[in-house]
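Letters A, B, C and D mark the chains in the order given here, with residues in each chain numbered from 1 onward.
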Amino acid sequence: MTDQTAAGLRIRDLRVVFDGFVAVDGVDLDVPRGDLRFLIGPNGAGKTTIVDAVTGLSKATGSVQFGEQELLGREVHRIARAGIGRTFQTATVFEELTVLQNLDIAAGAGRGFARLLRRRRGVPEAVERVLGTIHLADATDRLAGTLAHGQKQWLEIGMLLVQDARLLLLDEPVAGMSHEERDATGALLQEIADGDRTVVIVEHDMEFLRKFARTVTVLHQGRVLSEGSVAQVQADPKVQEVYLGTAADAAVVAEGVDGVDGAGVDGVKVEG
Amino acid sequence: MAVLTQLFTGISFGAVLLLVALGLVLTFGQMNVINMAHGELIMAGAYTVYMLQKVVTSAGASLLVALPVAFVVSGLLGLAMEMLLLRRLYHRPLDTLLVTWGLSLVLQQAARDLFGAPNKQTAAPEWLTGAVEVGALTLPASRLFILAVAVVAVGGLSVALTATSLGRRIRAVVQNRNLAATSGIPTARVDRTTFFIGSGLAGVAGVALTLLGAIGPSMGTSYIVDAFLVVVAGGVGRIQGAVVMAFVIGMLNALLEYQVGASVAKVLVFVAVVLFIQWRPQGLFTLRTRSLA
Amino acid sequence: MSRQSTRRTALTALAATVALTLAACGAKSGETSTATTAAATADTTGGTVKVGLLNSLSGTMAISEVTVRDSLLLAVEQINASGGVLGKKIEPVSEDGASDWPTFAEKAQKLISVDKVAATFGGWTSASRKQMLPVFEKNKALLFYPVQYEGLEASPYIFYTGATTNQQIIPALDYLKGEGKKTLFLVGSDYVFPRTANKEIRAYAEANGMTVVDEQYKPLGNTEFSAIVDKIKSSKPDAVFNTLNGDSNVAFWKQYKSVGLEAATTPVMSVSIAEEEAKAIGPQYLSGQLVAWNYYMTTDTPKNKEFVAAYKAKYGEDKPTSDPMEAAYVSVFLWKAMVEKAGSFDVEKVKAAADGITFDAPEGLVTVDGSNQHIAKTARIGKIGDDGTITEVWNSGKPIEPDPFLKTYDWAAGLS
Amino acid sequence: MSALDRLTRPGPLRAALGFGLGALVLLVVAPATLSQFRLDLLAKYLCFGIVAVGIGLAWGRGGMLTLGQGVYFGIGAYAMAMHLKLAQTPPGELPDFMQLYGEVTELPLWWQPFRQASVAVPATVLLPMLVAFVLGQAVFRRRIKGPYFAILSQALAAAMAILIVGQQGTTGGTNGLTDITSFFGYDLGDPVNRTTVYVVVAVCLLGCLAVARQLMQSRYGELLVAVRDAPERVRFLGYDPANVQTFAYTVAAGMAGLAGAMFVCAVQAINPASIDIVPSIAFVIGVAVGGRATLLGPALGAIGVAWLTTAASEALADRWTYIQGGLFILVVAFLPNGLASLPRVVGDAVRRRPAEVTS
């Protein structure tokens, strides 16, 4: 075990059970600090459930450590304050608040009570910086509900940035985006995962994965099936057999044919 | 023997609670409409008995005829509410509470204008005014009748929801409206049917209540809070939850009343239910999903 | 931004200044004058005189109070037909107390200060009376309260034309004692009248060799009586004393019969069931049971025949008359007599003229006792028949002098 | 942008204008033009307005539909009434109703602290806040919300009313505490003193509006809206939504308590009928009619509905319930943001744009 893994995300024997259904069945997972990890797998593989368990939404057994801290058993907002941020499959922003207000709230979890009760004057520096990064500098006073789909997803990522999350867990961040937006988002994520921030992405979009993933973990029926670089995983016969079913589909994934993205491989993407 | 009598009293309380709450399992539980006018739908059922007895003079026959007729009368009243007002409020459940509160005021006043402010008298058949003696136990016939009505209503509703295509449609719409719509289920019609049945059950409860209490404009108000507590504590939308909670609350209320009197018993029951909801915010039976929030 | 907040500060300051100025004025006059309240003056300048009718026309109490209002209107109509009061026609102003006690106070004040009524008639529950009492005392205006009540009160600005306890409850107890009833079960609605009445009943029972086996209350409007009837059945009292009110009564009777309790074995003495209520409950549940009042629709006086006929002619053949309705009807005539004796609508003069006023009422002769402003009434015990009518089985022979504080009863010494 | 537009748009200008106008009308115009009777009534309505400001915060901004504000209104009212009752009772004697019902021979322990004004007056606000804090922490931590919270709070209001009714000997039962004649030594029969009470009530209302405005405009206000719309998202940003909700709920309870205390001074009585489910819902109805999420809407709505109730029942003693019920139905169903949104809805209609609907 290197120093890097110790400081990153370290999951041991994670189990999540819903009413007798084992959604995650003893997963071990290490994501070194600064990595850009993709979690893939068919529906019901347990991808989102792992994210839920790490962020405290679902009850789980086992161990989840980030840095030196054990996360399991802590309340959701305490985990968030420990530097874990996440997004959801459907972009969840505060639609009746402006872009600025959304970011200001994300930036403010550490604020004291007295500061909360005062009015915001001007734009906090952290927010100012992120506004540029997520290309929303022109839209600070627009209601988040009126933003375009891709802009909302950027706003969510921006909220994670001002929140100063060390571990970012993103659930399908580019779903529904245009090609240009996907590339911009990918570049942004690579930029984010370039220091001491660790990024874990649940994604179906194979082209996006091929282009931007540094490492990939493949899940199947609540267990880790394969792990490694994109090339390693693609070459893994177990992945081809179980996850992709036929060799023809495997070829599609390997080549990332335009127009056939995650939805094509995975069918309906309803997990909620 | 005293214990058995107290248990039966508890069951009697429970049967009434179950009857008045059953319709809410559909309208509140399945459709998220907080119908504060549910009590007035009960009232409509009770007045149906009163009106029917002007035509069908035999007390027994009129009561039995009133059961289906009141189901239709209250159901139609509910249907009118749904079509005129509530359908535009499905995405605002809390607002249904306010609108139906206004409706309940209007319906009470309407009853006062139509039937007069004083309570109305209905005749109960002789076989329902006495008691059945089982050993030293005295079981009021009216209570047994209400228990039977409650059992039939619960059974009928369960069968309707699980074994008929209508029931499957109702559940499909509740679980995923959009998916149901895209699968070709006419959701608006299913909504109307659901509301019709839920309201109709209130009418049936109203018929049963004529055996126990007053038939008057404000008769519904005394049941509404209890009825909602049963549904909430039982787990919204769960018939078995409503059944269990109705009898648990009824039993608790009855046993406490023997000990500390009715007023304090009522307060303790309310507090107990509030604490129970603290313990199980989703109620006794829950449909667990992975959906957020 | 800063300009606006300056403006806001200025406005706040203005508001505060006005507030302080007014507060200061209040303080000054408050110290010097404690009795600046002007006595209410009725507006009698025109050809008419206004009176207020204050009854619940909506809410739970509408059941009972609407009939009282109807009865008051009948009295007003009859008086107007015979020339009015002091040559002036009565103009009734009806307000809705809405079964909400603060509303009674609000409407009472409105009748006094906006409509400038010469007197107000109405109220039913103790709570509504207690809310109105300070309003009438403060304004020195008159209220005529037409319902039997728990006693222990004698406001100088209220005339009580219903029975106080010694004209209804004590005669009822005397009757039960005379029938040889030794054990009593008390059941009542959870509010002031039943609780106070039951306290008096307990004291009476203790002094007269009777036992109270149990005392049970139900919140108003509650309709679940299984537990109580079960307790009655198992404790086997000689009689039940019933002070339930409103919807609960219907539920009580239906469930009383459903466990096999009968008038023959366990009679119930009720003090809040009159003809109207009996009609709503149904004679099949009430047949043979006892009630205590001062008046029944069947009370055999020539005046009553006229009253019942007039009421039915105005409101319908199927409409019964009852004790509170009669007491309300009488109260208007008593007021008329007082005003005519005083020769003035002035409240103090009317009060001064009140003592000894008599009226040949449907219930028989009634006399106003000026010392406590109650009226002497004949107590009557009635039995409910198979058809729902109430027939008298006993009466006190002569009007009973009102004694709201039960001063003439030794056993009641510790009560107030 | 026309001048009218600027004045009717939400913003500091409109708020300042509204506040100033309100102060002017309440403190100068109303006392100068209304009869004593109407001014007393207005004082009562303003008390409902104060409750409504709190509900606007908790429900309009925070999404917590509280159908049990009667509980807090009642605690404040009874605390104040108990003090005033004790203050006008001669030393060594029991308050009149305790003598009358004679169930106790000495003052119950829980009455004792209210003898001191220094305890009773702060208690009218702090006691409701304390109860709301405890309840809020319990309820919101268990993530009870929406209809569940509404029904639960309603049950509490019913329970409290039944409890008070049942303890006649120490609470006055259904009669409540009546015949309160003086307010800290000032005779409440004196019209000048009653006007003073009115002014105090009006100033309290303006004060509550100022507090509510500050909270709505602050970062906390933004956070509260965020919690209302997406509580889980807020949680994942590192906040505990339960605390955010509890704070607004507690403030609302404090306002309800203050209103209750003022109500006792204005009406000179309190009884369980004023704190039961029906008045609790009536508070909310006023808020909904006025416009739940706005600053002035709730207060104006509550005052307006109370006024309309009086006016309608005076004009049509029999049929006024139709007007009242009909108004609730029409406004809530067809104008979900209340009458406060009427100008915008009309404006939108004129511009042929569908009105924005939020719940």
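Just a few scattered comments:
Everything that follows uses one rule, which is that a residue touches a chain if its C-beta (ideal position, glycine included) is under 8 Å from a C-beta of that chain, and two chains touch if they have at least 3 such contacts.
This one's a predicted model, so the numbers in the text were calculated from it and none came from an experiment.
Across the assembly, the chain pair joined by the most C-beta contact pairs is C-D.
Measuring from the average of all protein CA coordinates, the nearest chain centre is that of D.
Of all chains, the one whose Cα centroid sits at the greatest distance from that of subunit A is C.
Centroids of subunit B and subunit C (each the mean of its C-alpha atoms) stand 36 Å apart. Centres computed as Cα averages put subunit C at a distance of 32 Å from subunit D.
Work out the mean CA point of subunit A and of subunit B, and you get 46 Å between them.
Multi-chain contact residues of subunit A (touching two or more other chains) are listed as 57, 88, 92.
Shared interface positions of subunit B, defined as residues touching 2 or more other chains, are 109, 261, 263, 266, 292.
Shared contact sites, meaning residues of subunit C that touch two or more other chains, fall at 57-58, 190, 217, 219.
Across the interface of their complex, subunit B is touched by residues 65, 67, 138-139, 142-144, 146-148, 150-152, 154-156, 158-159, 162-163, 165-166, 230-232, 277, 281, 284-285, 288, 319, 321-322, 324-329, 332-333, 336, 357, 359 of subunit D.
On the subunit A side of its complex with subunit D, the touching residues are 55, 57, 75-77, 80-81, 85-86, 88, 92-97, 101-102, 104-106, 108-111, 115-120, 159, 163. Chain contact summary for the complex, subunit B toward subunit D: residues 28, 32, 34, 85, 88-89, 91-95, 97-99, 101-106, 108-109, 113, 225, 228-229, 232, 261, 263-264, 266-267, 270-271, 273-274, 277-278, 281, 292-293.
On the subunit D side of its complex with subunit A, the touching residues are 214-215, 217-220, 222-223, 225-226, 229-230, 232-241, 358. Put simply, subunit C touches subunit B in their complex at residues 57-60, 62-64, 66-67, 190, 216-219, 221-224, 226-228, 230-231, 233-234, 247, 249-251, 254-255, 257-260, 276-277, 279-282, 284-285.
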